[in-house]
């Protein structure tokens, strides 16, 4: 399906449920997708960081994406992360995504290697030309270790290479400047924030939507927040964001002395989704460290505090 | 004078005008202070990053601070940066600031050396005890190369060590979590954002005020933005912020191949203030590279575009 | 073939020659491998950073590795990089490497995602168990953005998980401490430096060998350096290293304003290998920027200066 | 006194002994200086990182420097750190150092602020011109957060701005390239490594000397290492370096969960110096965390293991 221009609203980066044996649990993918669509989300983003894309084999990625496309059944667009180190490898991922029926692609700058704005531009242009689907740039310096230069995004928005930006840089000041400079240049370009704690501010600033990892846990909350902002009811938007910010503390459930931030946050999203009955099993992929019982209890307490349990 | 609790509103980080010979131009300090107070700002922050504090000798710092305190004449509180590497050196700066009549102090975590949260806490506690003035923590990782941990700020807010926070981290997501956790704990604690491009969002999120470097150039704009936000008129606040975000592009006036970010941004603030007649001379302190004529022309164009010239 | 314990000597990280169309040029792989073995190297490391592994598809990686294994024909061991973001993906790469006939595997810590020492340990243990080949840890913070903790390497050396370390961290101080602590614990553990400019010092410190990207260009030089060090002739070793350090300046051939460090260094290695007749075509993989004629002339001048042309 | 050209040998960065009340213990400064000179060091570097310069007030710095100059009595040159954020502040420190009788100055690039190579060059040139003493550049990215570009050092060595470099970057590969390029250009330029774990390799590479923090604890060891290297006896140099590398583990005495790296390393140097009877009191300056008894016992064990107790 063609995606709306600009793509807007709540597009959760869907977690990838696994079985206890570590396989993709396609039944839970479908159940979760159904739940999210029922909550009113405006799209699904598969195979992003919250989807554990860095932890999944190519075969697992394909399985998860196919299940989501099938579950979405054209009701909302499905964006597919095509996360790999450089162009040729991303093109392999893009071919899989096209085959699985994705509606748009989401790619980062090259990583692992050292890169340069000229190379990043060439990278996105080659992907756009080869894959034939709308392309979103994924700005996630915590993973990629470069920040997409604002001038580069403006250039690739202006010439049609990019359909949009998923900004997970956390740099809302730079995002504001981008929004101000972008509007006269590329009004159909979609700016989506991945900063799930400042969505009210981002929407006030003119962002088109949000890609919140926490949306796996409380999609209704983000939809309410988005609708309030659309209606100009900023007091409601703020209150909803405050509630979600308090809920977000569940990502700290794991002990930082025992595990990495990914283990804690992705483990918490999955534990919460299981406690809410959205998926069958909270297992995360190796080598992440599983949350222990005390950590899961902390997740449960946050869900209760937010009125979700 | 006792500062309001919480301190709120627009508190510009005042630039330090210099003469062509490099001395502090106290006449321009006074004229600028008078202008800012006339524009309705709620306080003055001397000797911050925008004040070139890292470039001024102790004697120059004292001169600039005394002039500002004298010019403010108790109409608005004067906060003084006491920026130095570690505790004993900060205490020397604090003694100067007390002597000059500052109403509150603003200190960073230790820098140059490698530090630890336990040491940062001890650092702020010693400064608070020794100096006898309200103390604000200055979170500016781009300079200090550590980010103040949220738990540490909560602890020092709760026990009264800190009267407030100037958050120049640019991490508005972390700021949101702090605000949500802080309110029930320390309602009089003042949270000021130094992120001058996301002030509407920060005020929506519950921040008490803003410390905008660009406020040296357009104090009226920030006061209008603040007042609109206070009144719940978010459409006006957003429009004002958009205008200021466009104006902020003047900080890119210098060629990044020829100078550092400080030379460009501080040079542009000073060039703008001179073009607006607020100070006599746009010189910045060594070893910053002066803006050339083309750069100053770019600054002028931005002022014109924002309706200031 | 079983690898020597400890693996020692000169093990170049072999570049991956491409055709003008971008395919792996297996003829040039073989010719280069033959040249390197003839120069006296002690092993070949395929699919490392110098091998453009981050730029090659899985199919290309397999093609290059198979050609090298075939060319080596058991005369020297072939190590294969299995570079991917996390465990399951690395295991897919490892299965390919085993199939191609590699003698040992070289893996990094997880990247793209945020990780933790406990997870890194689990990562290496799972790879070692599943792949059934000797495993080398590849410490390359410039790519992976974490440094392998010394205690972790000691633990995994002591329990047999790791057969060795390729240290491309550039942190020779930490390497010295590792060497001092490692010897009584795991005398067969192989420590290979990837810091091609400090090989004399590393060998003096007790390293077993070197994995020099520049060894693609001057394998004889590194073999002479290694042999001099083995013989305790440090004056000769130093002079050879000085000559190689001067030659290394060819990696700066590209204009840093126009391309990234990878484009410049890998482009220069390939340009040099072509000028020396070791491969047919100097093309690098997308999105790297090709060296222009002036840059290739700079490479040629360095080769001449080092007595290679 | 004029310093040798190039300055060479062992120049310890002298710790600054404090009394229990936190004052500079000039008696211990003198005793330690006497001990170091007796051990055969070739110079004293006061007010470097090991000297806790970031923790001392200007008055304390002056006191410590005057005591050391007086104790040295012209037998070895005294270098003085003039560590501050930018040019004007460094010039104040330099005036103090000149007044105290220092023989040379050691300055870093600007820090706290963001800088640029053009500004760094201007910074060193202004200091050199104003202070009238030989000037050493102090490359310490862990504190300053920029690395001195090699081209910049070459330029400032070639034009006589700098008399030498203290390289505490830990980047021995870059150091090697510098040494190779520097020799024909500025044969009298002094290159001193601050990487106390790779001194044998640095001397093999052609460095002129070493500035080892651990030299406060085992000056005789570093002098033996230096003399062996001068004599071309690399086996002895290596063995001495290995012994010193094992001793260096005392810097890990403090619990990293309870304190920063500075507290642990500087606390350990001082604890060791006190255990060896070189200073009266092991106190470090606020806000560093003191070593507890268990940590001091670990220091004692390392001294015993190295044959110093």
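Should a chain be cited, it is by its letter among A, B, C and D, assigned in written order, with residues numbered from 1 in that chain.
Convention: contacts are C-beta pairs under 8 Å (C-beta built on N, C-alpha and C of every residue); 3 or more make two chains touch, one makes a residue touch a chain.
For each chain, UniProt lists the protein as follows: A, B, C, D = Dihydrodipicolinate synthase family protein.
Please read these numbers as outputs of a predicted model, since none were measured by experiment.
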{"item": "Minimal step count in the chain contact network, chain B to chain C", "value": "2"}
{"item": "Chain-contact steps, minimal, separating chain D from chain A", "value": "2"}
{"item": "Contact-pair overlap exceeding half with B-D, pair selected from A-C, C-D or A-B", "value": "A-C"}
{"item": "Of A-C and A-B, pair with higher C-beta contact tally", "value": "A-C"}
{"item": "Identity of the chain that, by mean CA position, is farthest from chain C", "value": "B"}
{"item": "Proportion of interface numbers common to chain C and chain D (over half same, under half different)", "value": "same"}
{"item": "Whole-Å gap separating chain A and chain C, where each centre is the average of the chain's CA atoms", "value": "35"}
{"item": "Residue list for chain B, restricted to those that touch at least two other chains", "value": "none"}
{"item": "Pairs of chains, among all present, that meet the touch criterion", "value": "A-B, A-C, B-D, C-D"}
{"item": "Contacting residues of chain A [partner chain B, same complex]", "value": "170-174, 176-177, 180-181, 195-198, 200-202, 204-206, 232, 234-235, 237-238, 241-242, 245-246, 248-249"}
{"item": "Chain C - residues contacting chain A, complex", "value": "22, 49, 54-58, 60, 83, 85-89, 92, 110-116, 118-120, 122-123, 126, 142-145, 258-263, 285-289"}
